[in-house]
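Per-chain numbering from 1; labels A, B, C and D assigned in written order.
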Amino acid sequence: MLVIYGSHRNNGNSEQLAKHMIKEMKTEEIFLRDLTIHPILDQRHDEEGFKHRGDDYYGVVERLLQHDEVILVTPLYWYGMSGRMKNFVDRWSESLRDGKIEFRESMNRKKFYVVVVGGDDPNQKALPLIMQFRHIVEFFGAKLEDYIIGEANSPGHILEDERAMKRAEILNRKWRNI
Amino acid sequence: MLVIYGSHRNNGNSEQLAKHMIKEMKTEEIFLRDLTIHPILDQRHDEEGFKHRGDDYYGVVERLLQHDEVILVTPLYWYGMSGRMKNFVDRWSESLRDGKIEFRESMNRKKFYVVVVGGDDPNQKALPLIMQFRHIVEFFGAKLEDYIIGEANSPGHILEDERAMKRAEILNRKWRNI
Amino acid sequence: MLVIYGSHRNNGNSEQLAKHMIKEMKTEEIFLRDLTIHPILDQRHDEEGFKHRGDDYYGVVERLLQHDEVILVTPLYWYGMSGRMKNFVDRWSESLRDGKIEFRESMNRKKFYVVVVGGDDPNQKALPLIMQFRHIVEFFGAKLEDYIIGEANSPGHILEDERAMKRAEILNRKWRNI
Amino acid sequence: MLVIYGSHRNNGNSEQLAKHMIKEMKTEEIFLRDLTIHPILDQRHDEEGFKHRGDDYYGVVERLLQHDEVILVTPLYWYGMSGRMKNFVDRWSESLRDGKIEFRESMNRKKFYVVVVGGDDPNQKALPLIMQFRHIVEFFGAKLEDYIIGEANSPGHILEDERAMKRAEILNRKWRNI
């Protein structure tokens, strides 16, 4: 299981909720904030395709290809995923066009999970983002297995969102078969 | 009227649709691809607030404050706005906290329009993005006045989306009172 | 092409918009208001299945099976389809369970269109209904080909919604190949 | 607190989930299946307004006006609320026009909760319905306080949806201040 964090702050609310979800599990974690991933250059229609950008994107994709289950973790910024996470997702267009890797086939076989934490009524206002993630994974013919929406307005506040924490625990026990 | 373009390519499909919409009108245009706007650093919870980033963001906000009507133009990337546009929107958190400008009050009084062009059934799969924009402008108590979704799969293809082009013309005539 | 009207009033706004869409075309029309279609009794889990209700539902289904293209026309009531239309759709559960007709296979092959007219910002507030119709037709593996949302607040007002009327004309010309 | 059930079956899944949510609380319960509530006749534009239908609708509205908190409970039928529930909601148009009761003002002051149980991935496919309910209560200027989506495919199955049951318990303890 691979966990990809799109948050800016170390140990922020979305990260804490995700950590609770994968407690005592063996996972690989990638923190996008520690990496350089450039915004996509739209070269979909260029004859020669996308130019190699020489950043950390390619390494993350290599790891992505090794996992069957992927958790995408992001704070809710303006009712969407973080720019960091979006930059990463946008670059998937590059991997789709790149003939060397079986990106589409690999993504198709994965199970995706989404964790979102926001401060302004996220259980209602993050629903368009959940739908967006659904469209994203369905593009590959994959399934958005599940999602957790948490509410938090200040650092650490997520621990008081009993509903989100419980949901994380339930998923955790299911994954660990306990 | 201010038009803010979030596309990467010069004269791309979303840009062409927006140009059709503002034909023969006096507007100010800002192309985010010509500017440097860094992703937000989440310093909402830092005591001293957001640090000045020294990039082009502040200039765009100054222009934004001068207009009552704003058109946000973006290609549909992975069923969301472009990273460029998202980076710009994310930085609004910085202006909200900045006591020197009346950002919230100014945004509250504006009318917002959205133009989105995508290739994979955007009239259905861009709906979550429209809802996201709605949440964004409603945060300020403003109204998403209208939106146009266009469909295009290759450069210039938008001109064949008669529905979107007509809708652009109708709005254009309404704005020009003709 | 089969057009099913879920409105209450004769020649109401949604009906007028749909008529504009099928102008000079050969279609079959069904007005649910002229028929008796009872709400579903939830007997999905009853051993003997659904009881025959003796109402007009079965006749409509017979007609439905004869067409490859179906337009569902409904006013927007409380941001959803009319109760009449919903009662009709709900009864599809009965046809699904009924082994005598190949309901699911027939529906899978159809192209569906939706026409919705409402008074309170329907281009934004009818989007959940469009998404619901999408889920409905995707249940059968079919496709929501297109939809038109019209805005009207009083009888006949739809004729002034230039955008919706144009969209209807564009579809009409496409269907008639002119 | 008033609980309005829109399900057909006695003790069905949505009912069981709602009962869990209001356990050991003093509430008033209304089962729409025991009442006669006709579909609305669209007489919004008739001079004399809506005719009195002589059914049970008016009694339910009287009870509705007595409560500050209302839970709307419905099975998910074709990704929407049940026809019974929709018929009831549609009739609100009648109360809005009726000058004798302060329907709008009363609704404006209420807190609304929604409980939905469905069988086909409801945590994703019931989201448009949640958005519809949001539009409905926001029409009155009221707030959709919270919602619970449960998953169940056969009678009693909801008890195994640990996530929904936990969420119900959390709300229950919050309401009971324990």
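Operating definition for what follows: a contact is a pair of C-beta atoms (placed from the backbone, for glycine too) under 8 Å apart; a residue touches a chain by one contact, two chains touch by 3 or more.
Note that the structure is predicted; figures quoted are calculated from it, not measured.
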Set of chains adjacent to chain A and to chain D: none
Most remote chain relative to chain C, going by C-alpha centroids? A
Could you figure out which pair among B-C, A-B or C-D mirrors the A-D interface, over half of its contact pairs being identical by residue number? B-C
Can you check how far apart chain C and chain D are, centre to centre, with Cα atoms defining each centre and the answer in Å? 24
How far is the middle of chain A from the middle of chain C, if each middle is the mean of its Cα atoms, in Å? 37
Quick check on chain C: which residues sit in contact with 2+ other chains? 127, 131
Once bound in the complex, which stretches of chain A touch chain B? 7-9, 12, 39-42, 45, 75, 77-84, 86-87, 89-90, 92-93, 120, 125, 127-129, 131-132, 135-136, 139, 154-155
In their complex, what parts of chain C are in touch with chain B? 123-124, 127, 130-131, 134, 144, 146-147, 162-163, 166-167, 170
